[in-house]
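Before anything else, here is the set of structures, which you'll find just below.
You will see two complexes here that share chain A, one where it goes with chain B and one where it goes with chain C.
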Partner chain A sequence: MKRTVDVSFPVGPVHPCWKEPARVKCETRGEYVVSAEVELGYMKKGIERIMKGRPWQEVMFLAERVCGICSVIHNMVFIEALEHISGIDVPRRAALLRVIVNELDRMQSHLLANFSYCYTIEHETLAMYLLDVREKVMDQLERITGARVTCAYIVPGGVRFDLRPEDAQALRLSLSAIGEEVMRYTDMFANGPLIALRSRGIGILTKEAAREAYAVGPTARASGLGDIDRRLRHPTYQSLGFSPIVRTEGDNYARIMVRFQEIAQSIGLIQKCLDELPAGPIRGGGIPGAGEIAYSMEAPRGELTYFVRTDAAGRVLEISIQTPSIMNIEACCHYMLTGVSSLADVTSTFVSSDPCIACTER
Partner chain B sequence: MTILQKVKNFVRSRSIHVAYVDVGSCNGCDIEVLACLSPRYDIEQYGIFVHNNPREADILLVIGAYTPGWEEKLRGLWEKIPPPKAAIAIGNCPISGCLFARPHTLVDPPVAKHIPIAAQVPGCPPRPTEILSAILSVAPTIFADYEVKTK
Partner chain C sequence: MKEALYEKDLTAMKYAILESRRHDRMVREIAADLGISHLLLRRYLMENLDMLLLENLPARYEQGKKFQESLPEVERALSSHLYTRAVPLVGERVMDAIVAETKGKVAAGVPLSEAVSVGKAMIRQVILR
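So, the complex of A and B:
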């Protein structure tokens, strides 16, 4: 069939709405987007090539810098993969502290994603509110781990620092304040008539399309796929009674609302961890040894898999990382952007899938 | 100094337009630049506006360790910015490559090889306050009396 295309419209690589460079090429008829392609390659650093042949003590810090937004989960997946290879046990206190830090990281990542979306649809007030809440979350992250972004908190056999009682108290107080604010902003987003005009029914990813495109994370959960959440298979999360949040609309609105609801869920999980936190050691013994494993866990953007092969000295012989954003970017370009009726919605739809170019290209 | 120059200096000190470009970082510095926008640090109270539009920018924040994808493009971006202009390297990556400058890497640090860098903010990542103070300390040295200096 012959296709009529008016304009080939490139967006990016430097664009006011985007945090990172990526180029989306849209073929449009009028303002109706017929098809879209993404062009990557501005951020390829070759982290996996650097990692090969290095001891795990160095790879741990490199793994964290695959993605600066979700650095804790990269650290956690790499270290837990090493622990599975070598059979290192983690004390219960350390396992719960890992969940606390991971969920704080998820909260700040989701708040940043929702900030970007609100900024893109030019609801700057809500965007600034969300960025302000994010600073409170970052404070708690810094209080526990000692750093804002790249904290290297998780080490084989446990975590680096203990949670002092006064820090736990401050965390509880701060969480209840954050929870109230997030609830207020969720209401603002859910009931805002102008937000609904820019969000509802735009960039629809149906359940079948999400399955075909292997969408992961909040993007897939907003399209009705709940069972893809890897936290369901993590023993610590299982013991906390975790169940994923699923919505069925599959549009921009649903993707942002899933993130808002997950922030509230993360607050609940952290409070549960603080209630259950037993006294005891935060580090077990054990030295990483030889073996290979493919280990997955749920990053803020979806399923993150590390394939690691190590030798007896703990050197990483082979490593390959599968990050969530690549699937979501493909789902976004081939399913969500097709049929978007206005060019202004191209950027907001792309941002709503929360693309992280740094970890896509590594 | 003429009165016109005084007026220009005053206006320029309160209207610094910033664009940022990520030439291959881990994203950590990007989100610290974004955190500067938040009401806590409130970058706009100092008259700094983050547009991310190079054609109306005065200061370019360069983040990341220069990947091959940016060859020619970064230079072109720098030339799009109208003078007076300055580039600030944010984080360790544009200064030294940080931990990406290892054997088998694809990056080509430092960024100062490719465009002139006026100031450097080390850190992995630097705090938002450090980024803010770097912009504020560079701006007067570049923009004050620009017409007199270039005459």
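So, the complex of A and C:
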């Protein structure tokens, strides 16, 4: 819809601070942002259409390719949806290994999101430190699954590879080092005066607005919504005594701090999994069959839902993917950006919601 | 005619979004509730909402339906919150006026179903205008 306004300020589709192309059109009154609108369509993959009619063995690889940053959770949600359809049980050891890999994926995704934010507000030193830590997390992901991205680690009834004792030991040592570094960088972020100036009280998303836009993940948890974390309803996470991290400020600062705190929480969850890891099989067997389900799980950016319908041979007849970035970018553009007092804060506010255009456009 | 760089016609992409299974189901449900053609409603959504809001509509719709259950009788029957905040079809001031008029009719002794159907006709007029 075209309208005549005082100043229409387009940001993107190509912007140095953004990882992927999207166009945000801000309508401004001087520096004040009156409203914002988003145009997509610069990287549409049409992956749902490619998936339709294919056997699950092919779709599980396609699912990972929806997003390169949080590929593990796409693999996990699709496979767990098939398991729920077909009543396939997962051995305890495999369930805990899934949590380990999923939390490593969450850590690297959060580190990348916080890197992007620090880079956007011109704190490049902290940004590069975070990117360095992310590499260490990626190394651990590779150690367990054999790949940094698109790991295809989770299969119906279990996982692909076991965790050897020497790898478990190396993972523990690495997590301890990563934990210390993350604590130091969290402190740098939490107490940096420049960071506070660019982050506190900026891009506020109220609890009511977060609920209305159905914001999810750290974006919603930074606005006081804790009950939306899907890990609360996942049996393995329930057995680990998981409870979500919630803040109430609702600004850019809170969203980044929630991610920092969740990295520390993920380290704790992985250590708990390693402590409780029982001996036993990592694959219980089972063949996906016919059925229909809407299955959700907590991706690094929030609730990820797969609507899947399969036939008796496990072929995917219908599939629809609701990624968390759809809700979060919408909440960002229609609530956080509206009322931002300076155009200089548009990019940092947009990045603080951890937008993933690849997920949004599927 | 001069056109700004990147100012594209988004109709085809917006249509592709609304054509997906979940979006289509939502559009048909709303169209049936308001008694209008789903094609007209789809065109109204494409003309008035941006791409990202269109993408997020099914999630907002589901959330709006849940929230609606906690509203008073007339608001719930007219889906006032659903059609203003969750799926923004009607402006809030316009909806407030429709709700007030419906409440007035109910208070004057008109049966609720009749008053609500008149209210929905008013919503329909706003969309079809």
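One rule holds in what follows: the second predicted complex is superposed on the first by the 357 of 362 C-alpha atoms of A that agree within 3 Å, B and C clash if a C-alpha of one lies under 4 Å from a C-alpha of the other, contacts with A are read in each partner's own complex, and residues count from 1 in each chain.
As a working rule, a residue touches a chain if its C-beta (ideal position, glycine included) is under 8 Å from a C-beta of that chain, and two chains touch if they have at least 3 such contacts.
Just so we're clear, the structure is a prediction, and the values are computed from it rather than from any experiment.
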Checklist entry - Just chain B (first), just chain C (second), both, or neither: which does A:Glu318 touch? => result second
Next on the checklist: By the touch definition at the top of the document, which applies to A:Lys52: first (chain B), second (chain C), both, or neither?
Outcome noted: first
Checklist entry - Between chain B (first) and chain C (second), which does A:Pro13 come into contact with in this model arrangement: first, second, both, or neither? => result both
Next on the checklist: I'd like to know which partner A:Leu111 touches here: chain B for first, chain C for second, both or neither.
Outcome noted: neither
Next on the checklist: Contacts for A:Thr360 in the overlay, against chain B (first) and chain C (second): which applies, first, second, both or neither?
Outcome noted: second
Checklist entry - Which partner, chain B or chain C, is in contact with more residues of chain A? => result B
Checklist entry - Does the superposition put A:His334 against chain B (first), chain C (second), both, or neither? => result second
Checklist entry - Who does A:Arg211 touch here: chain B (first), chain C (second), both, or neither? => result second
Next on the checklist: I'd like to know which partner A:Val38 touches here: chain B for first, chain C for second, both or neither.
Outcome noted: second
Next on the checklist: Quick check on the superposed pair: does A:Val72 touch chain B, chain C, both, or neither? Answer first, second, both or neither.
Outcome noted: neither
Next on the checklist: Can you give me the overlap between the chain B contact set and the chain C contact set on chain A?
Outcome noted: 13, 41, 44
Checklist outcome for this item: Note: in the complex, chain C contacts chain A through residues 6-8, 10, 13, 20-22, 47-48, 50-53, 55-56, 58-60, 62-64, 67, 85-86
Item to check | chain C partner contacts - residues on chain A that touch it in the complex | outcome: 1-2, 10, 13, 23, 37-41, 44, 48, 211-214, 307, 318, 320, 322, 326-327, 329-330, 333-334, 360
Next on the checklist: Touching residues of chain A toward chain B in the complex: what are they?
Outcome noted: 13-17, 19-21, 41-47, 49-50, 52, 58, 61-62, 64-69, 71, 112, 115, 128, 131-132, 134-135, 138, 148-150, 356, 358-359
Item to check | Interface residues, chain B side, partner chain A - complex | outcome: 19, 21-32, 34-35, 37-40, 51-54, 64-65, 67-70, 73, 77, 98-100, 102-107, 124-125, 127
